[in-house]
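Before I ask anything, let me first share the structure, which is written out below as structure tokens.
Going in written order, the chains are labelled A, B, C and D, and every chain counts its residues from 1.
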Amino acid sequence: MKEKDIKIIEKEMKLANEGLPEMERDLFADDRPSRIEPLNKYLEQFLNWARARSLWILAYGTGCGAIELRPLMTARFDAFRYGIAGRPTPRQANVFIIGGYASLKTIKRIVRSYEQMQGPKYVIALGSCTINGGMYYDSYNTINRIDYYIPVDIYVTGCMPRPESLIAGFNGLKKKIQAGQCDGMNKYADNFDWYKANQKQIIKDWNMPDYNW
Amino acid sequence: MDIFIKIIYAAISILVATLYGLILIGIVHKIYARVHRRIGPPVWQPILDIIQTHGRKVATSHGIMFFLGPVFRMAGGMGTYLFMPVIFGSVVFSNYSMAGDLLLVMYFIFFGQLGMALGAGEGGHPYSPLGIARGLSQMSTFELPFSLAVISIAIQYQTLNITTIVAAQQGGMLNWTLFTNPLAVIAAMISLLGMNMHSPFSLVLAPQEIPIGPPIEMNGSFLGILQTNRALFASAKLVLFMNLFFGGATNLPIMMLKTFSIYMFSVFIGAAFPRFRPEQSFRFFLRIPTLIGILSVIVIAYL
Amino acid sequence: MVNPLYLIIISLMAGFVLPLLDRVNRKLSLATFIGVLLANTVITGFWMHGFIQADLGTLSFSTAGFTAPLSINFQLGILEAFVLLAINLIGLLTGIYLLKKFNESPLAGMILFIMVVMGANGLILTRDLFNAFVFMEILSISTIAIITLKRTNESLSSGFKYMLASGIASIFFLLGVVFIYFFSGSLNLDFININFTDYRLIAVYMVAIALLIELKMFPVNGWALDVYESTDAGVATIISVINSTAIAFMFYKIMPLLPSNFLYIFGIIGALTYLMSNLMGLKQENARRLLGYSSIGQMGLLLASIIFTAGLEPVLRIMIVGGFFLNHLIAKTGLFWISGLIKKEKLKDWRVIRSNKSLMIMFGIFIFALSGFPPFAGFWAKWEFVKSLLAGQNILIIALILLGSLFEVIYMFRWFIQTVKGEYKEDELSIMPSGKVILTTLLGTLGFGLGILIMKNYYGFNFLFTLPILSLLFIYLIDFLPAKIKGIMSLGGLAYYGYYLYTLVQFENPIQILFGVIFLVGSGVNLISTLNRSEISKGFYGLLMMMIFSFGSLLIARSYLEFFLSWELMTIASFLLILRGKNAQKASLMYMIFSIAGAYLMMVGFGFAPELIGSSALITGLTYVQLPLISIILLALGFMIKSGVLGVHVWLPEAHAEAEADVSSFISAILLKAGIWGFLLVAISVVWNAPQFDVYYWMGWLGVFTALVGAFLASFQEDAKRLLAYSSMSQVGYIIAAISMLSHLGWVSAFYLSLNHMMFKSALFIAIAGVYYRTHTRNMYEMGGLIKKMPLSFISVLISIIAVSGVPPLSGFGSKWLMYSSFIERGWYLQAAVLFFASAVSFLYLYRLIHTIFLGQAKYEHKDVKEAPVWFIIPQYIFIGAIMVLSTFPNLLIKPLSAMASQYFNSNIVIDGYNVYSSYGHWNGNLIMLVTMGVFIVPLFFLILFIGKITKVKQFNIVYAAERPESPQTTHVAHNMYAHYRKALGGWGKPRIWDFWHGSAEWAHTMGDFFRRIYSGNGQTYLLHIILFFVVVFFLGV
Amino acid sequence: MKEKIDRLRKMVNVLQVVEKHPDLYFITLEGNQLVMALGYLKNTLNFKHLAFMQAVDYLEDNKFMLTYMVYNYELKANLGVNVFIDREESSMFSIHRLWEHAWQYQRELYEMFGIDFPGSPRVDEPFIMESWEEMPPMRRDFDTLAYSQKTYFPRPGRETNDPKEQMKKAKYPNYPDSPKIRRDDE
């Protein structure tokens, strides 16, 4: 079989959704995420330009770092002037800020929310805990490397990083987006099985579909 | 040939109105930011947002009705706009006002709302019907003072034809309905608060209660269309109010000035008041504004 | 002509001979017994035949070779012959019915039976007062004896009470006779020719009171109830029918002697008896006692009718009195017989009757006959009686009688419904003696035939007006065929009927064609949905066709009676159709009660209306008469009850919800329009002959608030059909308000709305029927997400609700536009605002309907639900197609409708191409459609272009605050969806009208119970009643 | 306070009384008398408020110590009630009928230490450790570092410093050692 054919078959392959009870399998979609190529280079450049100026954060504080988002959005630092706005639903947001440590319980929700975001989507990992576990590196309950579970575009170090560093992170993200280097969505689709295996390794009661559309 | 020119005119008219509506929203953001002592986003931020949402590469759909919901909404906004004359005496901006009168416009507003409600309903998210139930209920209550105001001005001008109503208000500021029939205008302006869904009447989107209500499942281009419509629809409503109560407009700058002022009315009230609970909002509309509306009808019809 | 003496002689002879024959053989005596009764019947039959053949006048037969006044003389006229035939026939049939019993009991029974019949015959025939007394005594004593034959404690005690009462009555009678003789010098009724005024009054008064006591008038009738309760069915028949008839006839004979003010009081007593005994009957649970109350009531009615028809021409009088008499005779005999067959005391135990189909049908026939439904004699009698009472301005009597009749209908139908629909177990089956069943069936057929006879011969109704009944009978004959065949036959029949009406009857007015389309074409399309029935569906198509043909008759009725007849037939058919629903007991009873109340209002309203001139259809005929205000109000109220206007709407949701799925659409879409049609007819009359008082202004308000309240109530329903029912109420409110405007534009919008409502409401009801057929639930919160399973139904519901809501571009907007324009034009500003509010509220229930059923979360149990059956889909799409065509080309409809309305008003709308101009605004339906399509297509293409890669997800793929949904039930927002609105409405959201009607019902029952207490069951109390009655009535009269 | 404890003594066997502070006493009771004592404390001695409950793992003694901290609003004083329970068959009476909110603490203790409270509502539902399959993580014989390294993909190259040493080395080389803080239990 040719490589091309294998790709097509992989694309069409449905997810097993084995974590779900038989009754519920009809209620969840079982499509695999797939790689999406841009239509046109110049159009994509234009869109990236716009994307970089309209960053919609998912309003989901996954850890203690979420406390830094309040000063970021309010009068002191006013991130809205850069086109950074909050959005209450992952369907509409395109930036996901992992706010610090991700516990076992949270990582499940992070994965779900990340998968429910519609690409192109970007992840900012905030604080040391997301990089190597930070001060919780030896905790039984805190994951050490967030990029083993979802693709990350920008890390902001510190414990806690102040809003200024967060804004710096956003600026970095903007530059990356405008340069067309933020391709987390496709990375996730390409390495879907690897990510999924990592996730499943720690989330033992996997009671959701393999990909939360 | 005539038809093609008409279509081109309509397209121009809609484009202008949409851009104007988007800028209007941008200005509102700016004003809110200034009230908060922030700098605020650029006024063209809504346009960037729309490009961004349309630029999403993937989208999820819950079915045909979900797919068509935003289309219905947009059609409702475009239709509402197109069935109104925007600028008095202008050929380009007279739109399709010959298709019907004020009643048509009032009912076409529902077209988009109903379609969107159905689309959001198919999304299956519980917040959608919650928001819609709130929205429909509130809509039914603020329609009452509004319809009383409309009836009042229909009696006043002996017509339901918007162009004629505008024509009757020409020739000086004192000919505006605002001064000839102030009670009706008060009732209508209060119901405009409900229509614009700024706080204290922001029951539908209610970010802290049912974030963000009906469009919670809308993503990508669906959202983009909804946002475009939000701008167009806002300007359509403002144009309607301008035509009915504030003497209409004879050229584009006047139109922008007037609609901007009308919009600021609800914006400032929205910036100053916290949100009502649903039943408080319904009761509010069914009390004072309705009484003012009834009074306006009685004053015009029988006194 | 046989000498009437033979009647007496044969009976007396038999009395002597029977013991001898019985010695020989019981069979022989039984044969003689039947022979005597048969001979009586045959003789009276010959007389009747003779009188019908030739007008012989009245014949007088004297006895003992002398002529009156020297001897006792018998008078025999057509009246006597008729009554004699009737009671002898009943005597014969009852004799046969009791044959088995007589075979086993002592001989005395037979002899006493013959004596009763003889006493009754004598009482009817004789003209001599003292002789009458003798016969009365024979009658009473043999009745008492026959009661006590049963030898149970109850029957002995009731016989004793009877004896007490009849003893006093006899004393009064005898004293009265003595006084009469003393004052006038004669005992012969033909020769008493003085005026009984001043002190001489007491003479006739005593005689009359004696007869009233014997006739069991209120309140001196406590003893009679015990008698009815304790005796055998056959004996009760004798007392209720033979005995009472003879005494009533006696009263008729002494009537000329009575002064008119006393007659009036006696008449009121009769009517009051009817009212009170029916009121007390409300609370009864014992079948025999219930029948007793009914019998007493009927006697009161009979008495009132005898008295109040005194001035009428003889034929009419016979029609009325004879109608009541025969109706009572047949129905009551039949019911008593059935009670003998059932042998159950409690009303609810009568459900065993369902084991015998023909008996059950007969039971229904008797109940319908007793309640005064066409085609039975009671219907015609009541109609004519009310008319004649109205001519005499006796409003009080009408009120008493109609109220009494309403109560009678209530308990009769409650009984009927309990019996027909109650739960019953197979092992409760009791084997009925087939002979008696045949007898009962014979009796029922007799009653039915009699009614038809009156209908055909007295009134000479057109074939078309009997068609509903004939179709019922015909389809009953072929009821064994499968439902599909019957359905297709019905459809064919309906098509031919429509064609026939259109071509041959020649509608006089285009409005008839409009309503013809609503009634007949609408029914035809709706009929398709019934083809889904796979079982035989016994009785369904007969009733359905009866209803549909009645609609047709309503259209072409040329007189009030034709209209009312068709109306009542429609009521019967629709009632029975509703009753077919699984849990329709309460619903159908409420429907019946409200329908009957409405029908009575209409009856009185028609009675007040002036006579029509010529024989054109009502829609033309009514334009030439000026209806008095009272008539307008009553008729309008009657029609509004049928269309479910605010205040009397309580039957509507129940009936819609509980009727079978495919019947509901008929009720909502078409039956309600019958009310509209009637309302329109009244309005047409008003347009030409305006009344002094602007009653239509208030009806307009009523309609407006119906629309608003209906919309609110619909929004708060959990049951899909109930929601649609309230929605119908709301829409009917619009129509009523629009008609009430009495303006051109108003009527155009009313017509437009009527047609539109028929189409979208049919489509909605059929769609919901399809959903119900698949999901087996009506609760909307138990459904959800069916759009993927039933897309076709979804589309039709979608189009329909857009049409209901009035959102452009569909046809609903046309109606809204016309309506608001007309309201503003007419100057009804505040009404228009309320309607705006109502139509905004209607979005609430419409969204709820479509969302909770088709959108949101699908349930596990509906995983394998399929699209509705094709028979449900076809009619929906016919309606949807029609809606779409009319939406695109609204002038197809507006033009003819405008022409219809401009017969009555000056047209003030201008139609220019696709433009419609009113004096206030304009509307171009076609352009709106095009623009809407344009603005719809542009964003659609835009979306398709820009959407990117789209993934179709399933119902649980929702953003659920980073969680996943627990189950569809907890994720679907459906139950109590508008709780916040209800909360906001506060006290305004309470069902006050329900409370009012419940309170009324409660009150009536309490009153019934209260009055029932005066019958303590104690003989002495009864005597006290009699004495008090005697005194009070006397002083009332003086 | 003392008086209250004396009154308690009449009811139950108080093994040990420690006064940390005039407003803070700790007493040790026998496990089977705990519920009775707490009930008496709550209803009669007016310790109306259960501030918290906690467990300490005495691995060496093979015991858990449970501490119930109750508070008296009149005295404005805390009383810690300690009981020792067996570590192997760790189980204690539930007190959710005395203080309804205790069920939440008991659920947490069940999850973190594996101490069972029979009859306590929802005691076996996961509190924060969804899908935890190892031994209860707060037990001292559970090696979290090893578990974390085994499970959570540790990022190589990480350096861990003692904050005190690090600060001293990097910023304040001349800073004197702080006097050793004496702790009561030493």
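In the analysis below, a residue touches a chain if its C-beta (ideal position, glycine included) is under 8 Å from a C-beta of that chain, and two chains touch if they have at least 3 such contacts.
Model, not experiment: these values are computed from the prediction.
Peer 1: Which chains, taken as a pair, are joined by the highest number of C-beta contacts?
Peer 2: More C-beta pairs are in contact between B-C than between any other chains.
Peer 1: Compute per-chain Cα centres, compare each with the mean of all protein Cα atoms, and return the closest chain.
Peer 2: Per-chain C-alpha centroids compared to the overall one single out C.
Peer 1: Could you please state the distance in Å, as a whole number, between where the Cα atoms of chain A are centred and where those of chain D are centred?
Peer 2: It comes to 38 Å between the two C-alpha centres.
Peer 1: Could you please state the distance in Å, as a whole number, between where the Cα atoms of chain B are centred and where those of chain C are centred?
Peer 2: Each chain reduced to its C-alpha mean, chain B and chain C end up 53 Å apart.
Peer 1: Approximately how many whole Å separate the CA-defined centres of chain C and chain D?
Peer 2: 80
Peer 1: Using mean CA coordinates as chain centres, what's the gap between chain A and chain B in Å?
Peer 2: Taking the mean C-alpha position of each chain, the two centres sit 36 Å apart.
Peer 1: In chain D, which residues are in touch with two or more of the other chains?
Peer 2: Residues of chain D never touch two or more of the other chains.
Peer 1: Would you mind listing the residues of chain B that make contact with two or more other chains?
Peer 2: Residues 56-60, 216-217, 220 of chain B each touch two or more of the other chains.
Peer 1: Residue numbers in chain A touching 2 or more other chains?
Peer 2: If we look for residues of chain A contacting two or more partner chains, we find 36, 89, 91, 213.
Peer 1: What does chain A use to touch chain D in their complex?
Peer 2: Those in contact with chain D are residues 103-105, 108, 131-133, 137-145, 148, 198, 201-205.
Peer 1: Given the complex with chain C, which residues does chain B contribute to the contact?
Peer 2: Interface residues on the chain B side: 7, 54, 56-65, 67-68, 70-72, 74-75, 78-79, 82-83, 96, 98-104, 107-108, 110-111, 114, 117-118, 121-126, 128-130, 132-134, 136-137, 139-140, 143-144, 147-148, 151-152, 154-155, 158-161, 216-217, 220-222, 224-225, 277-280, 282-283, 286, 293-294, 297, 301.
Peer 1: Contact residues on chain C for chain A in the complex?
Peer 2: 860, 863, 948-949, 951-957, 959, 962-964, 968
Peer 1: Quick check on the complex: what are the chain D residues that touch chain A?
Peer 2: For chain D paired with chain A, touching residues are 128-134, 137, 142, 144-145, 147-149, 151-155, 158, 160.
Peer 1: Under the definition above, what is the set of chain A residues touching chain C in their complex?
Peer 2: Contact set of chain A toward chain C: 23-24, 26-29, 31, 34, 36, 60, 89-91, 109-110, 112-113, 116, 207-209, 212-213.
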